[in-house]
Amino acid sequence: MTTTQEMLDTVPTGVLLGSEDVAAAIDACLRCTQSCTTCADADLVEDDIDEMRECIALCLNCADVCALTARLLSRPAHSDEYVIHRVLDACVRVCTACAEECHRHAHHHRHCALSETVCRECIRACQALLDTKTFADIQRLAAS
Amino acid sequence: MTTTQEMLDTVPTGVLLGSEDVAAAIDACLRCTQSCTTCADADLVEDDIDEMRECIALCLNCADVCALTARLLSRPAHSDEYVIHRVLDACVRVCTACAEECHRHAHHHRHCALSETVCRECIRACQALLDTKTFADIQRLAAS
Amino acid sequence: MTTTQEMLDTVPTGVLLGSEDVAAAIDACLRCTQSCTTCADADLVEDDIDEMRECIALCLNCADVCALTARLLSRPAHSDEYVIHRVLDACVRVCTACAEECHRHAHHHRHCALSETVCRECIRACQALLDTKTFADIQRLAAS
Amino acid sequence: MTTTQEMLDTVPTGVLLGSEDVAAAIDACLRCTQSCTTCADADLVEDDIDEMRECIALCLNCADVCALTARLLSRPAHSDEYVIHRVLDACVRVCTACAEECHRHAHHHRHCALSETVCRECIRACQALLDTKTFADIQRLAAS
């Protein structure tokens, strides 16, 4: 999805957190929404559904949080960095929980193995944004 | 939307933050998603659109954050309270910004006046959840 | 959710399908999004999850389609009636399937009983819009 | 986003409309959600906002319909082909309107030029699904 950065670079205000990193996070979030939605759908037809309850639930929450994160990051001209920070923080948290649960099933369900990988890429891309100086300042503010 | 609490009360795990308060927050978020979506739509056909740019942008972000908040709160059997806290915090922030901007136009655009009221109800309902003891603990944790 | 019609009535262009009926459909869709999301969440912790697979899947699809329907209907100044027709048609279909599946579990899961009722109200409200003269014309066009 | 087809291929039920074409449509819809969201955001800070009203409104509807389309197509184990058909049909319609409006501004707003291209790719990918034999049968059914 190389168009994402190109799109962001057309926004007259610029992109406070950097268009390359923001584009990477948007694309990772969209992929994660996709893979988690399909993983939950596949879980629902597996024989061992009794073991997959938590995986389904985490995938649903993960898909929804990632979809919102991608959407807010796609509006750089009207970003409230405090809101973005909170949502990225929630996103990293839910992707981490989802990756860990998928990991438990990765050896016997290929959708879980793939989903774990996509979640981990999403964590990295969102954490990279949280680690920027802009957000370090907000974090400090929140803790004060 | 009185069905919301009734629905929550059927969830076998119970509702950690209390079904009455959670139902109130869900309903307030859904109403806010609705009114902000219509407010942005109406803004786009007003003569003074040049003055309404910020209002449109805030209404769009507010509608999306409220929709996610309602969705996550509607899954009490699989709530990660850390995630819920971050999303509620983002929700209060974006509703506050939206209410303030709508207030500036409330005297000449009735949709802004109505939208301001709905945003303020949403802030109250979400803040009530953030003020519960469960979340006070999380807040303390985050600041440590 | 009485604010919905009030909001729609502030839109300068008016509401082609009638603000009362459109508001009723929006509110029914939002309630259905809510109840189906909670029903799927509750299903995931029931003992008989093996029997609830279809119910979970239908509730997920129903919640998503209803959320979009509410959103598009909330933008009366920029409605493409062809798009609205297709989405309402999809909405009635998925709500019907979901109501029928919930009905099968209604006697032993109260969330399914409630969800069935909410789905049926949503079907009625959406069908009322599809039955308006505006849409009868579109239907005729599509079949020609 | 090459993971999409890989994910679809893990679903035990298979993918009725073919995993390659469905993956292409999902990826195109996600890109279109992204570009339309950013296009509307950029429009809101352009000097000629008065001329961009329709573009903003169409981008908002397009982003929402594409997001739902991607989501429903990502659940191949629980697809109701009638629902998918209606949503794809709505998606092609709103993407076409959005592409045409973006085209009008493509020479002076690069985000509109990019967005037009992405919309047209989305139309092609969704239309390819609508043109499959499975959907030709549904179409015939609907017209009878």
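Letters A, B, C and D mark the chains as written, and numbering starts fresh at 1 in each.
The rule is short, and it goes like this: a residue touches a chain if its C-beta (ideal position, glycine included) is under 8 Å from a C-beta of that chain, and two chains touch if they have at least 3 such contacts.
This structure is a prediction, so every number in the text was calculated from the model and none was measured.
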Q. Which chain pair shares more contacting C-beta pairs: B-D, or A-B?
A. A-B
Q. Based on the averaged CA atom positions, which chain is farthest from chain C?
A. A
Q: Between chain B and chain D, tell me the centre distance in angstrom, where each centre is the average of that chain's C-alpha atoms.
A: 28
Q: Averaged over CA atoms, how far is the centre of chain A from the centre of chain B? Could you give it in whole Å?
A: 21
Q. Counting only residues that touch at least 2 other chains, which ones in chain A make the list?
A. 40-41, 44-45, 57, 60, 67, 71, 75, 77-78
Q. Which bits of chain A are touching chain C when the two form their complex?
A. 40-41, 44-45, 49-50, 53, 56-57, 60
Q) Can you list the chain D residues touching chain C in their complex? A) 54, 57-58, 60-61, 64-65, 67-68, 71-72, 75, 77-78, 80, 82-83, 86-87, 89-90, 93-94, 97, 142-143
Q: Show which residues of chain B lie in contact with chain C when the two form their complex.
A: 1, 3-4, 6-8, 10-13, 26-27, 30-31, 33-35, 37-42, 44-46, 63, 67, 70-71, 74-78, 109-111, 114-115, 117-118
